[in-house]
Amino acid sequence: MSTTIRVTVWNENRHERDPKHPAGKVYPNGIHGAIAEGLEVAGGFAVRTATLDEPEHGLSEDVLAETDVLLWWGHAAHEEVRDEVVARVHARVLDGMGLIVLHSGHFSKIFKRLMGTGCDLKWREGDDHERIWVVEPGHPIAAGLEECLEIGPEEMYGERFDIPAPEALVMVSWFSGGEVFRSGCCYTRGLGKIFYFRPGHETYPTYFQPVVRQVIANGVRWAAPHDGPRPTFGNAQPRER
Amino acid sequence: MSTTIRVTVWNENRHERDPKHPAGKVYPNGIHGAIAEGLEVAGGFAVRTATLDEPEHGLSEDVLAETDVLLWWGHAAHEEVRDEVVARVHARVLDGMGLIVLHSGHFSKIFKRLMGTGCDLKWREGDDHERIWVVEPGHPIAAGLEECLEIGPEEMYGERFDIPAPEALVMVSWFSGGEVFRSGCCYTRGLGKIFYFRPGHETYPTYFQPVVRQVIANGVRWAAPHDGPRPTFGNAQPRER
Amino acid sequence: MSTTIRVTVWNENRHERDPKHPAGKVYPNGIHGAIAEGLEVAGGFAVRTATLDEPEHGLSEDVLAETDVLLWWGHAAHEEVRDEVVARVHARVLDGMGLIVLHSGHFSKIFKRLMGTGCDLKWREGDDHERIWVVEPGHPIAAGLEECLEIGPEEMYGERFDIPAPEALVMVSWFSGGEVFRSGCCYTRGLGKIFYFRPGHETYPTYFQPVVRQVIANGVRWAAPHDGPRPTFGNAQPRER
Amino acid sequence: MSTTIRVTVWNENRHERDPKHPAGKVYPNGIHGAIAEGLEVAGGFAVRTATLDEPEHGLSEDVLAETDVLLWWGHAAHEEVRDEVVARVHARVLDGMGLIVLHSGHFSKIFKRLMGTGCDLKWREGDDHERIWVVEPGHPIAAGLEECLEIGPEEMYGERFDIPAPEALVMVSWFSGGEVFRSGCCYTRGLGKIFYFRPGHETYPTYFQPVVRQVIANGVRWAAPHDGPRPTFGNAQPRER
């Protein structure tokens, strides 16, 4: 296993730069900055960031080739992500790169493409309180957590979440307004591992919370590629015994 | 597919006969009576009941041989269920009989034996309100339901529920006191299908609710055996082509 | 449950009309004709067919709206299937229509879109013998089968099959040349159920075999939609209790 | 993550000590000796062994308390394993200890108890050739492997294998005599992770093969406990926000 995991934190980074939007005050260095900081504090990661308005959205072939795990936060500009970059990320996931999809990234092109479904859900901006229950405490993503993560005020996401049934469902959210949500969902696509993690609305300082940072660091470690076999495809002669 | 599904509703039937316990007023014909009535109203089932204090707990070899799907409600007397009857039910499930485990049946000998885990959970008798969200609306057990089942006052069950991850998770409960619970869980063991469904504390008239009866009827239909192959085991010679 | 399941059998139907290709002799009424015949013999289905070279590939909005389960066989002309028809089929699956993907349909646009992966595999045309083992005999798709399906001469498909792990793996193929393959794979996407079934190369009379027809009929019954809840998405106010 | 994983290799160790049985020549230090040697060569493990005929089968409370991952090989004397030791191992698995069940360990009391099923299968001692295909190459247990493990002569195990559907199916075996088998199966029970791995009949030097040793070392790493939450159970008051 490689000792250092190479991480790229991708962020749309639009709300934070909009002077009329509260996100800039909550995340003065961008959501990507807060997430990257959390990983650096945790240690064991070589972290870089990339954002929508950089050339190629900051996700050139070279950057992806050097990325073990990609994190994805997007919200208002999913449609501006160019299809060839989505195809590139998709190919890299199938090739083994891990992918952590955060919060409103549920509606990103890359997540919908990997899931094959609509990925829609219920939502509400208001005064909900979120609490996350760990339902699979033996899973690596639950390492170091308590059995309940008291998130506090957050945007509500409610079921039905239109995703394929996760291979492992690690966490379920409770919202004070009356909804539940599958908040920590694991998948494999090709050689790549995918973890969807719910919290992180841009108006709340969620990505500064230690437990949220712990989940993200655990998710990155879980999604990091192993040196597994690269399958051969196509016309095949019988193997010699 | 057989046109009529032969169902046996098993109930501990102790609370209801205890004059000091409120269950007798809520379920004058026993919990088994209320469940059996719901299935008869739904139609398509040949229903009988069996209770703990009958000879062999009402679950003789003959009764089980003529049962396509067994329902199980128990609470205070799990330890009084004799091991040879548990073994008999276990063998019949592996042989294809469906099993619907209800509410406090989570702690029954038969459910723990089929799950291989402790099956423990959090609980609270109080003033909780339960609401069940359908997270897998395409599943046969969700037929005819709305996306949210407003159960109302019920005993709380909360995660961590110590079960193997269900093969299909159809429903998740929300409780007003702050907990979530995997409330509709599907399994296969041997040739048999198992459905755990959460609601049904003995002090609430839950088994008279039409939506609860609908879920139970759906569960029985889903768990009814198909005429699949009966595998052969043991020493095997190569098949002729 | 609806008594009659409305089925549309879609076939590329190119090999069979090519006078130089052996498929026309094996399937004089087309692969779709053989499959439709099998379903009609089984009974309980209202079957129509549709092929690539019909207007809209035979899959107009009206046809899909009246289809409970769609079967898909394609091979050489996947790229000729128009993207708007693929999007239409995709939307209908998410809306609840069942989909049975057969053999070389693994590389169809619709299957890849629903899976989110490359769906590639190993293959060999030669003198392989295929035998299918039922590994999940309690599954509805195994109804009426024996534990081993002796398929006989067939094209080989070998692992790694680049699909998401199936929600239920019902069958595994053995090939005399030395390969294995996950041959009966169940998925849910949105409200729709999907069954991939491996056999059926155009040069073998596989779709005339009674056991193959049984599996397909079982698959159609399993994939037929249930009248489940149609989830609501988007901005949501708290429900009243 | 702990740097060194504490491993106990448990072996029935009867065939090897029987002068009339070929196992003693194949495994002069016992099957446990060969497996322990493989782990020591791999590095990163503190390995001890335990066998049936030691006091408490070598599995005292103290030994289990100091064991992160237990390996289990048994065959002819499953019934001699005392029930209180099985209960002790079961409790430790639910408490987080990993368990690797090897070959004929499929019929051990502990595996059957954790699975809840009969765990039976087909078998044949003869001249079969085994080949294992990696069907989930992105799984940690596939690290460092090629896509096909050429095992060579081995006892045949064939489907139907009467187990619950694995949470991850990593490998499938092909046998020259015509059978397939789910050979690498992952489960979670309580906090513990379980990996069943098929090869290893006592008359073949399978546990000296480097690829087999690699799979076992990978399995131990995967099954090692994480420092996840220890759930609380029982009567629960509402959490304060």
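General remarks:
Per-chain residue numbering starts at 1, and chain names A, B, C and D are given in the order in which the chains are listed.
The rule is simple: a residue touches a chain if its C-beta (ideal position, glycine included) is under 8 Å from a C-beta of that chain, and two chains touch if they have at least 3 such contacts.
In this text the structure is predicted, and so the values were computed from the model without any measurement.
Chains touching both subunit A and subunit C: B, D.
With every chain reduced to the mean of its CA atoms, the largest distance from subunit D is reached by C.
When the interfaces A-D and C-D are ranked by C-beta pairs in contact, the top one is A-D. Here the CA centre of subunit A is 33 Å from the CA centre of subunit D. Centres computed as Cα averages put subunit C at a distance of 37 Å from subunit D. Taken residue by residue, subunit A touches two or more other chains at 131, 134, 136-137, 147, 158-160, 165, 167-168, 178-179, 188, 190, 229, 231-232, 239, 241, whereas all remaining positions touch fewer. Interface of subunit B with subunit D (complex): residues 94, 113-118, 120-124, 156, 158-160, 162, 164-165, 167, 177-179, 187-190, 229, 231-239, 241. Interface residues of subunit D facing subunit A in the complex, by the touch rule stated above, are 1, 96, 129, 131, 134, 136-140, 142-148, 150, 152, 167-168, 188, 190-193, 225-232, 239, 241.
Per the touch definition, subunit B reaches subunit A in the complex via residues 131, 133-137, 147, 158-161, 165, 168-169, 172-175, 178-180, 182.
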